[in-house]
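What follows is chain A paired twice: with chain B in the first complex and chain C in the second.
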Partner chain A sequence: MLTLTCPYCGNAAEETELAPGGEAHLKRFGPGSSDEQFEDYLFARKNPKGVHFERWRHAYGCGKWFLAARDTVTLEVFGTYKAQTPNPTPEIVAAVQAKRPNWTPDWTSTPATTTSAESLTE
Partner chain B sequence: MAEALAKITELKDLGMVQIRADLVRAGDAIAAATGLAMPAANATVTDGARTLCWMSPDELLLVLPKAEAREATQALADALSTEHALVLDVSDMRAAFAIEGARAAQALAKLCPADIAAMPADGIRRTRAAQVACGIWRRGEGFVLIGFRSVGDYIGGLLRGAARPGTELDPR
Partner chain C sequence: MSASPTNSTGKYSVFAIAREAMRLHSGWKRAWQSPEPKKKYKVVIIGAGGHGLATAYYLGKNHGITDIAIIEKGWLGGGNTGRNTTIIRSNYLQDPSAAIFDKALKLYEGLSQDLNYNVMFSPRGLLMLAQTEHEIRGYKRTVYANQLQGVATDWVSPQQIKEMLPIINIDGPRYPVLGGLYQARGGTARHDAVAWGYARACSAMGMDIIQNCEVTGVETANGQVKAVNTGKGRIECDKLAIVVAGHSSVVAEMAGFRLPIESVALQALVSEPIKPCCDLVIMANTVHGYLSQSDKGEMVIGGGTDGFNNYSQRGSWQHVEETVRALIETFPMLSRLKMLRQWGGIVDMTGDRSPILSSTPVGNIFVNCGWGTGGFKAIPGSGWAMAELVANGRPGPLAAEFGLNRFREGRFIDESVAAGVAH
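And then the complex of A and B:
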């Protein structure tokens, strides 16, 4: 059983209270993008065996979308964070690396903190 | 004959006003219009007749006697006229039940994937009851559970089934 703590209402929500939303941090490629980019955006998903970042919605609770870092093999949850976050926060990266020392982030841009995106939440 | 776990009563006279707004910006206006303090996250504030419930970071629910709902909706709409906000009288789309009795929490424990027994006295929890969404807060010794009216009969049946005599969860 998966239990995720919703970062908006703070409640620990059990799996059946949540709705899954697939891979997190997808960048949209719309009009003006190449066919390859658009195909990747629509269909290419990571499906890793190990650390994965996902979208979830607290559907039966506060109704907000949030992001979660977890291990797809052990179902261990490293943390949850707000959806207005372009990349996993430094705290999440630290929590993952504490448990998986060999894991390194696969994104390049500097992780933004949730505080700077806070104004988007309302 | 064993006793039922809890007494289930449908509350027909409960009015509800949904408020969606930026609660930080509009907090003072809402508090003034409702006559209640702003509730903290996952909490309710009550003066006996009216209860203001925290539903999500941008949503509140004002629970009050049904006769006052229309007036309160208008007062809130006026108070929030300068905000990007929604005030809606949702009394008719909700079904509400009182669950009262010493083992009321046990009846809810059978239906909800949340620790309702550990909820503080002024707490509110939105979760599901079997297959449908619901909200639960404490009232006196028992609880109030709200859900959608379209599934009101289902919720009533669920609660009565969960509270059936002889089905308590205490170790025997």
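And then the complex of A and C:
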């Protein structure tokens, strides 16, 4: 059974205590965006075979959304981190690269530390 | 058996069995050949599962195109074709779904004769249990929709269900049986035989089925497909059909586009074989449980999908527990059975739980995917519609509504509400 540690309450939660929420770090497009951008935001997914970043909710625990780095083939968990970050944190990137040396991030900038997002607060 | 691969045109019949009985079965030929790939084909199909092979078959049969290679990473029919619970039905809510699934059902009815291969199609009747008030309304709506579509289905009462299926407990308390949607033409078929039958027919038409040949890249030039790179070298093609179910996103990524697909694990299990006790296919969507009895006597049970992306072909244990726990209330006798085997397959889920048969952003690449948890029943209809799409470069009436552009345009074929979660 998948076990993820909730970064908010620190509990190691089993899969049955969690609710999966799909791909993480989607860039949101709304009014004013092109049809293509809006379609991609709503539907197009990486669905990678291998390293994946996704949203989870500690549904039967503290109730908060968090993010997890996971391998979709081996089901290995590289780590979990708080949701208020536009890209995976350097610690998570390091944890993934320690296990998957050939894997490289496909985003351009990684913030130095967890940033407080505009709309989300703990 | 003769060791040399020979042509597979020998027709199966009672006379062939008699002839072979006289010579100690020494003359049976291989059902299909396993050639090395040529340098170039008119059409390359990635994926030798049911859908890929059916696409090839109808390209040959309906459109006269036989210069085809069907490339398979593992072995033929070894993916979801060999992992499903073999349920066949066409009682869908939306018109485009009913059209393609009923086309498939009609083709299944004559498939053994058409392919000269016994696919053991068994139209034993299919019953979807309504176990909540919501489901009663939903299924009645589907029955009315089916009548308009020309697909014969009936609403049956709990008492009728008890008569049809004595082992059922209709009283609940947690999941009482409140009625059901019955399709008399629904049933099952032998899943492996469907793949083998199509493979044999394709091979007889001169198509090349290339197993153990993984696609590692897709070459494009000026927005058109040029070739695929595989474990057995580079293969050029005029047209490419991607028919790989759970790995659709992976192959699409090689070709440079993304699909509205998430791959998740779906599980099934079988019990020890018992005497015949269940001559219907039962679907209980509220509890995500599907039940039928195989010819061997095993109770075949299908469960629900996991909620997270997964390529491991293994599902989570609690879903097995969830499925069996709920089914035991409706079928108390199941509690005494030992479960023999459990397995998972990777299914390709779209947002509206309807398939994608479409051209793509790359010229002459076509995709057939998104069948999710219910692809087996669609194999002949899917192949028929996909062949039309690949041969003409534009969809025929069956595939027209299933294009990728429906997501941008908001023309969903929403079967997720109609069928609960999995179907």
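By our rule, the second predicted complex is superposed on the first by the 114 of 122 C-alpha atoms of A that agree within 3 Å, B and C clash if a C-alpha of one lies under 4 Å from a C-alpha of the other, contacts with A are read in each partner's own complex, and residues count from 1 in each chain.
The working rule: a contact is a pair of C-beta atoms (placed from the backbone, for glycine too) under 8 Å apart; a residue touches a chain by one contact, two chains touch by 3 or more.
As the structure is a computational prediction, the values presented were derived from the model and not from experiment.
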item: Partner chain in contact with A:Gly63 - chain B first, chain C second, else both or neither; value: first
item: Partner touching more residues of chain A, whether chain B or chain C; value: C
item: Touching partner for A:Tyr8 - first (chain B), second (chain C), both, neither; value: first
item: Contacts of A:Thr16 with chain B and chain C, given as first, second, both or neither; value: both
item: Partner chain in contact with A:Phe43 - chain B first, chain C second, else both or neither; value: second
item: Contacts on chain A seen with chain B and repeated with chain C across the two complexes; value: 16
item: Contacting residues of chain C [partner chain A, same complex]; value: 247, 249-250, 253, 258-263, 306-312, 314, 316-318, 351, 407-408
item: Residues of chain A defined as touching chain C within the complex; value: 1-2, 15-16, 19-20, 22, 35-36, 39-40, 42-49, 52, 54, 70, 72-75
item: Sites on chain A touched by chain B in the complex; value: 8-11, 14, 16-17, 60-64, 121-122
item: Of all residues in chain B, those that touch chain A in their complex; value: 22, 24, 41-42, 55-59, 113-114, 125-128, 133
